[in-house]
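The same subunit A turns up in both complexes below, where it pairs with subunit B and then with subunit C.
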Partner chain A sequence: MFSNRGRRTAAIVAALTATVVLTACGAKTTDSATAGGAGAAIDTSGSAIKVGLLNSLSGTMAISEVTVKNSLLLAVEEINAAGGVLGKKIEPISEDGASDWPTFAEKSQKLISEDKVAAVFGCWTSASRKAVLPVFEKNKSLLFYPVQYEGLEQSPYIFYTGATTNQQIVPGLDYLKAQGKTSVYLVGSDYVFPRTANKIIKAYAEANGMKVLGEDYAPLGSTEFSTIVNKVKAAGAAAVFNTLNGDSNVAFFKEYKAAGLTAGGMPVVSVSIAEEEVKSIGTQYLAGQLTAWNYYQTTEGAANEKFVKAYKAKYGEDKPTSDPMEAAYVSVYLWKAMVEKAGSFDVEKVKAAAGGITFDAPEGKVTVDGTTQHISKTARIGRIGDDGLITEVWNSGQAITPDPYLKGYPWASGLS
Partner chain B sequence: MTLVLSQLFTGISIGAVLLLIALGLSLTFGQMGVINMAHGEFIMAGAYTVYVLQQVITGAGWSLLVALPVAFVVAGAMGVLLEFLLIRRLYARPLDTLLVTWGVSLILQQLARDVFGAPNVQTRAPELLTGSIRITDHLVISSSRVFILVLALTAVAALTIVLKTTPLGRRIRAVVQNRDLAAVSGLATARVDRLTFFIGSGLAGIAGVALTLIGPIGPTMGTNIIVNAFLVVVVGGIGQLQGTVIVAFVLGVLQSMVEYTTTVSVASVIVFIAIVAFLQWRPQGLFTLRTRSLA
Partner chain C sequence: MRLLRKPVTGFAIGAVLLFGVAPLALGDFRLDLLAKYLCFAIVAVGIGLAWGRGGMLTLGQGFFFGLGGYAMAMHLKLADAGPGQMPDFMLLYGQLDELPWWWRPFANPLFALSATVLLPMFTALLLGLLIFRRKVRGAYFAILSQALCAAFAILLIGQQGTTGGTNGLTNIQGFFGYDLNDPVNRRTVYFIVAAALLAVLALTWQLMRSRYGELLVAVRDGEERVRFLGYDPANVKLVAYVAAAGMAGLAGALFVPAVGIVSPAMIGVVPSIEFVIGVAVGGRASLLGPALGAIAVAWAKTALSERVPSAWTYFEGLLFILPIVFLPGGLASLAGTIRRRSRPSAVVETPAPAKVEVTT
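Right after this comes the complex of A and B.
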């Protein structure tokens, strides 16, 4: 009994000590950052230039974010093999955001002030991006963000290489409209991205004579969809617009099929299901359904053939490539082009050089828009095949200029 | 009318899922009083059993049928191991059991992640169970849900027969109602405990097989389930099978009816409020077991 209690006390003391030490370390990091003052100090002394890779390598987001880190590393490797940037090899420093937003902020601070990196690549969820945004703005350092998101943001220190709403959701709706679908049902997870996206969809629908027959949100991780599917079915919409995230998609599509609903009768357009997710939901349930992205593994072109081949050679034949992975791969090449045009690693000079830079990406030619710091992208609607791959059924024909605040769309004027 | 009927069936099918996941727990928690937080991971083990078997057996229908007994044994064996290694040393300390089994659940989750990978795995459902049964033009019920309902009712019937008519059932009930007297009468209570735990955990395995038809199969699937399972058992009344059955269906129908007219989140809130109110009125749950034990 006594020895037990003794052990417990020792454990508590150890835990407390650990907390104190950790707090002290945290404080030190912040101090040195403040002392560093304005402008990110970049270490250009050595023969290599450091960049940060900030992805969740553990926790619930690891499944998705590890694939992004893999393609970032592939790009770095390719660039180094071709001679590096401004004569320097790229030295990637990887940090684990651990699917925890404060950790993302802490690690980005570490990369900027201790490693003195030239730029950071990574983040996936909007929550993690919002958490690191003030850190990059305060330190005047650069972040390249590779995932489609809900728009309505434009930080001077972030380059967005994933789609904003007018490059993914709006074209998705245009496609439905062109197919003669005059009514939709909205199903999404209950958090910021689906709610913002659905606000935009409702504004679009009103202006384009489309009816929104219902709108339902399920908590993240929810796996009971029988009632929602009943509601969808009773509403009799022409199509479903799906902004569910993660595991919920599995339960939703199993229920959807079980209720006798089909891709032919009432297609579902999803914006968060890429090749990797198709694998875990099951093609049995998904075959024939639609997705809206800017890139698929099957996208045609020499640049993509090279990318897919290189990725599979490095990570395995069974590993698919997806839209966020491609956007991450592209982001490293765009940074390289910006640095070379600026002739310097200096953040302000790189930013000034960014506008108009183009790159022959796997998804097709992309151009950096200097004002919004987003990139122009071609929108693509794809159909999920029996083999789990997604094939394009429609594309926007040309790269769409990014418009994160939807200023060019009169119907969106009421959104904020 | 059709709508009400179709929602009613949805409610009953939600109830059947609740019943399946809570049934094993009504034995281990309800009858034995063990708070086993790893129960959800036994369900996960049952689901992964289907996945593993489908690597060997190609026919989706056969693999599912074979998976039912195999999952029962796999999850049951895990339960016995847990009982033998940890829980039997902690019978007098329920709160420690809670923490220890929670730790075990985390270990099992990580184990699943290491063995099967962090992403969800997919299983194939037999074609028969991915479609639906058309009753009228508007009343269509999904065949996987019917299968789960039948499975749940069969499990309840089997468990009732075991508890009421077999010598094992008599022993289990004797130990639950008065452990000391049962021991004095010559029952090996430790062995009865282990067998009870085997059956309870095995039922979790069967629930896992059923869940592959409707939800994701991944390392964290157990955590999403375990709270609902405890809820059903507590509201039903500790130690009462009939309470578990009734409460599972009532909660299922309530959830689906409220959800249809509101949203998922509002429905969950209303169901929880109803539960809290009910437990204020009847803290002991729907049914109570009258025993002579002092506990």
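Right after this comes the complex of A and C.
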């Protein structure tokens, strides 16, 4: 079918392809020496040092992640006003992860290889973190991840400044147990965090004589909850443990109230509802319900007063601060402290300097654990008030050492 | 003769650009991105065939892309884990003692490789037989194909222990024994993708120029008439649909080593629509239009989101609307339009015929 000329072209193309493919054979998976190569090249030449901010600025996660970006920018601004890091101003480069996991991977690679950033701050969902993890490990570059998550992970190139399960979910369960609640019903969105969290909750419940009366998942973004709420009501559990994310909470709590269930009769403990989400769900549906976090806007202390005041001055009086925002703010300061202790932006030196670094964070004093690269945090159970703010009803008294694989909990031995 | 020569020249130029200019002009990172765009272009060529030539608005190519992608990723995950071992995420999320039965055959590289293309084609064949024999077409066909990929994405998310759920299959280290972290090997992956695109283009060109191609266009423009001529339109459409599915599966399979991840985010309704947008922008009825459109749209997405991270989606939307409003034939018809406008003859005065067929 090809004309003569076409035949010739086709032959040339075929030959070209063959040569290129045959000659270009790189390292095999078995030769471990070549894998990864040298560490990330960081551009330290100018008077400024670049860092990447990787958040979803569009798509379903934008509502939450934009607040994290704002908080990161606030920290950068404050540090620059105080003279920067090692005499260099921080130059933030923002990229949009677009709530799409392969895009997160693409953008993190861009920040590392094109912008040659010293560190990247951001990601929210576990799926986005799992997508970028190989990119950071491959390039030996740093990610600071600011959101509570399901644990069972410890990448050498990620610092986790949000809570792992033993700093949020386990204290939440301890609180319910102390309140005499002997049965729970689990409701969550259908993705990795709720499913893993519920696995941990079930193991805890079994060891602590608590009954799990049911476990239901709704697709992310689902707004149909009449069936689930009816099942919850019929089960008659003492409390509900809620790992729903985003908009689904609005529909769930409306349905919950419509079914006649109350915070007094069957309280809901939520782990993904912070001040920003309370605002969008509506306090009339949430007042009296419980949350488990490490920080609230109302948390006492001079550091928090300063943080809240600075945030509101920059972004508006009506803008609340929340746990992930605080963890993001803290992550920039921790990175600064690590770099200054190391006296270098070099990733390996920064990592080596990380252990034992402390910071007077808005949530209280936090310490970086050098082994797990998580930070110690105080667990706080809060009650949502009529004004949309969350007030603390219980706290762990002291900062809890991070234990991402729950090694210190005998009941969790079968989990990982 | 002129018509014949043009695609050949285009083919040669494309080969030189892909194999000569691009690797020299682009850094490692940009070349990786181009490999990703070329995967989308392979899907687009298939959509061009099924939609542009066959009139079937395939809004669910993400389904076939996903089948191919998961088939490849499952094999690579098993290869990473080593013989007899389970992939890392299964140990983390699943409560399984051994590999599920439907994972096992993918340990065989030959099975996995052929499954990436044959599995989507076989599924498309079954679906196509049901759909086309019952004369489902138009909007109903589009809705059906979309429902299919939505259902597939939900299924994958629900089975976290065995499919990785929303995370998908990530952290893929090797590609048939070659370390994907090595830039040399990543470059090889790019060449494989580029060669696959050229092969798919050549195949589609042959299909379009053959008697079958004529028949396909005839079915698009007047299905009943073709039926009265004694052909069975269902079979004609089936071939294009199955071919498009095979191409989407191949693209999905190549996407995995090129990007290193496959997840339900690449399969659902939105990515499936994005595939079609690229085709519409490029010009659905031509050979190169869909491929160029897909590359252009993917490139624009990257470029715009790097320049204006907080407002790029508006520009992207504008970019979709403008060509479709002002260039219904897509970018591929741009040259023709300019030629018509610049010719100082009566052609300028007479409005373009309502049904300008874009020739290739």
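One rule holds for everything that comes next: the second predicted complex is superposed on the first by the 379 of 416 C-alpha atoms of A that agree within 3 Å, B and C clash if a C-alpha of one lies under 4 Å from a C-alpha of the other, contacts with A are read in each partner's own complex, and residues count from 1 in each chain.
As a working rule, contacts are C-beta pairs under 8 Å (C-beta built on N, C-alpha and C of every residue); 3 or more make two chains touch, one makes a residue touch a chain.
Fair warning: this is a prediction, and the values are worked out from it, not measured in the lab.
In the superposed pair of complexes, A:Leu220 makes contact with subunit C only, with no contact to subunit B.
In the superposed model, A:Asp190 lies in contact with both subunit B and subunit C. Contacts of A:Gln109 after superposition: subunit C is touched, whereas subunit B is not reached. Contact with neither subunit B nor subunit C is seen for A:Ser413 once the two complexes are overlaid on the shared chain. Contacts of A:Ala234 after superposition: subunit B is touched, whereas subunit C is not reached. In the superposed pair of complexes, A:Asn208 makes contact with neither subunit B nor subunit C.
In the superposition on chain A, the chain among subunit B and subunit C reaching more residues of subunit A is C.
In the superposition on chain A, A:Gln398 makes contact with neither subunit B nor subunit C. When the shared chain is aligned, subunit C comes close enough to touch A:Ser126, but subunit B does not. Annotation: subunit A residues 190, 217, 219 touch subunit B in one complex and subunit C in the other. Residues 60, 62-63, 190, 216-219, 221-224, 226-228, 230-231, 234, 247, 250-251, 254-255, 257-260, 276, 279-282, 284-285 of subunit A are the ones that touch subunit B when the two sit in their complex. Those residues of subunit B whose C-beta lies close enough to touch subunit A in the complex are 3, 6-7, 10, 13-14, 17, 118-125, 130-132, 134, 140, 142-145, 213-216, 218, 220-221, 224, 255-256, 259-260, 263-265, 267-268.
For subunit C in complex with subunit A, the residues that touch the partner chain are 4-5, 8, 11-12, 15, 19-20, 27-29, 32-33, 36, 80, 91-93, 95, 154, 157-158, 160, 165-168, 170-174, 177-179, 181-185, 187-188, 191-192, 195, 198, 202, 206, 209-210, 259-261, 263, 265-266, 302, 305-306, 309-310, 312-313.
The touching residues of subunit A, when paired with subunit C in their complex, are 1-3, 5-6, 9-10, 12-13, 16-17, 20-21, 24-31, 34-37, 57-58, 94-96, 98, 100-103, 105-107, 109-110, 113-114, 125-127, 130-131, 133-135, 138, 152, 190-192, 195-196, 199, 217, 219-220, 416.
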